[in-house]
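Down below is the structure, laid out as structure tokens.
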């Protein structure tokens, strides 16, 4: 594990000659050392994507002046761009309902440093997982929801999230649909795990749907939440074999292990600023 | 590879005490030795499924009298049942269009004896794969189809298939939809390969659909053909990872390898009488 | 989940005509209903293996008289056999050192009922995981080991395990090698997880070995512990892709997820009496 | 599929500030457009690896002058480097013995353009696959080998390969060990497929070894041939599940499908100049 601090720039822009040169010149001229660089060009649309990370040790520009210094290059190439610093732990809120497998998985991986984030709070529509929050020493908030009070409860949640300065929301098997308004506050910052191989089996009870269809493989999908249910950009998917011998209970049990793998991988990529969204799809840098 | 001849009985019936006993008694009392036996009980519907295979060497009942001898047991338990003999090579017709990867794969595996079948003919709506048929020494028939002549051409195909005493039809990337009438002549005897992870991406251009959706895994599905397009009972599925770096051409290329694996596995299971259909799903014995 | 109680017989014996008949007759004649039956014949050695499970509801023989009643059949066919009852939860001891990922995984799956066992105690050579034991309410015993005291400490462990009536021992990343004497007390009852795709990378630091070799896939192996280090019969294996981009830390992190999957699957199969050992290999019924 | 011609530079050198800048400046200053760029830094050894590909359309330097023009940059950074042109089809020789599955797979993929190469000849120690060579219209040469004549035959093979201006040799299940002398003529240009998950089961009959060990997963490994048998840098590996039900014949059959996948993927990467060797391991760019 590297302890040095680094800066990360994420870029998407029309593909043009000289982009890599200009960016690498910016870093080199200011005495930076590139640690990683990944790029992708979408030939269809002529769009260029890049993630470049450089060592801040000895870098000539102060952290809070990098944005201004880079702005002319960004303007010249019409870039959509973000600047991140590796030392800044993102602040995450976990949303859960009654199932605890994804919750435990993320909390344990965060504790081990395998997923680098501060889990600032756990929010639920049920009391039941409060003891887990307590064990891990994380504040737990309950906002029970009904059709009637949903939007009001969301207002309270949004206020809390703002208060806590949350960067990233993880729906770790949260069994409530967030309103379009809620989602708009955190564009491509809310990550869901859906327990099917999307786009197959959207919506409720996907394992039951899979069982009814007699599929031979089941899956899980982690995606950004958008206003369209289970249709946001897919970050990660994985699958596991099932057979006629597997009951619904077996399918659910096998699926839970896959959900954990998929959600934690997607979250890790997101927190490392390795995911770019474009045309409702993701570029996920290695 | 065993050279002995064996008999195989496939059964589905209401689950009841004594089925295994009665069947094993039938075999034992007639001096048969069970080679393999697989069973499955669907608890939901209370249905029992079995595949039992025994050595015919020394078996007391002549092959052509087994049906009559077993009939009383079948009647007692209201069995749906089939009797097969391992020595009987099934006669297969391959339907193809212009893509040759699945065709080569099946022909080569049949030649090696990895898939035990007589490939009796290759039927196409195009001339283009005729040279492959010639190389393998297999009769090649062309029935070009238009909206207008489709049903007439199918009549000719059906006549030919009957003439050739075909047991099994494989749609090895055959790009024509068979009419419901055609399908009815070969219930659960027509095997298709669809180049998606069904039920996702039914119908035309599934790889393009997968690309548009930005899925991280693509798949292929082999299923029995029914009158509902791409909705017949699934026999086998498999998948492969893709990423944002994969163009449509990459996805098609990667997918072709998976199609071959899935189709050849499904066909092998079918020809070994290891597939039972129930409630539009399959029981696939190992 | 079925609540009925069932009996399970596991058999290995020379393959001969009539075995299935005799066993199914035994069950049928005593008014039992077969719930599952799996068999396997090893053609090379002519050995027959079977696992048969039947409903005890209405079964004519009392549980404690089944052994005696079945003995004549077992004797006739020279069977190695075991009788188990589904209602008997096996009593498990978990051995751990400092890593907690497999420990959490098993405890959480046991709590959910996904792995059916009573985790009776956690034994460690270190204090560090005691708080986890406490959280789950499971007695925690520490036996620190040095070269000098190892055999004495093992004597204390063996005494404790006997006291607690332990059926199954799980080495959940326990970083001490058990003596041959210890192992002999629990033949095919001790399950280990080794963090490589055995037989590659036996012994210490398998992930470092994998990294040095530049393999493109890493794995984990769960096996019964025998007196030969990392050479006992393999129960389950699984793998995950790695690349040149993965550091040792990445490999360890990815591997941990696979270890959990493999160990929990192996343990589940063992506890459901679905594993038979033969010629240092396993038959694992589905 | 892009039809434009591109240039590719592969680099390894000590990691230092400014490498990316200098290279991208070289391309930009000469009016080149970067199509793909992948890099990797090995932190342990402080080594930098890069593959950069740019469009030659409009590039200011003539193809045959690029080496000289780039030399000063290469010298400054002590680069090991290679220049390739996408338009140059590499000339491949396939070595085979009696098994045809990998041979067919490569020939069919080459014919489809999925693997971009000219298969210039097929060399064998047996006559048996000559008809396949004939069908594909590729010259076939037979060099039978005995312990006595091996080195002489290799001299003839080397002469032939030189005559035919071969860039790449594929051992497509060639069952003869090449001498160290032979290998030295084609450093990291000879690709082998070994039918095990290396480093497990080196040498002869790996599937039989796997069967004896009772592994639950088998694999195949494609690697560069070095003078140490089955120990050259691994390019690609893949695996498939097996169980106690699989006989040796089943394992061989399942393995053959994996061999084809692994070898064709490795060959494709090699031919696209995406593989760099370092410390007996490979960097394989996506």
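We call the chains A, B, C and D, going by the order they appear; numbering starts again at 1 in every chain.
Quick note on the criterion: a contact is a pair of C-beta atoms (placed from the backbone, for glycine too) under 8 Å apart; a residue touches a chain by one contact, two chains touch by 3 or more.
Since the model is a prediction, treat every value here as computed from it, not as a measurement.
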Shared chain contacts [chain C and chain D, defined touch]: A, B
Chain whose average C-alpha position is farthest from chain C's own: D
Pair with more cross-chain C-beta pairs in contact, given B-D and A-B: A-B
Same vs different contact residues, chain A with chain D, by half of numbers used: same
Centroid spacing, where centroids are CA-atom means, of chain B and chain D in whole angstrom: 37
Cα-centroid distance, chain A relative to chain B, in whole angstrom: 42
Overlap residues in chain C, where contacts from two or more other chains coincide: 43, 243, 245, 286
Residue ranges of chain C in contact with chain B within the complex: 2, 17-21, 24-25, 27-28, 31-39, 41, 43, 286
Interfacial residue positions of chain B with respect to chain A in the complex: 40, 43, 197-201, 213-217, 219, 233-239, 243-245, 247, 279-284
Complex contacts: residues of chain C adjacent to chain A: 1, 100-101, 104, 108, 112, 114, 135, 243, 245, 249, 253, 257, 260-261, 264, 286
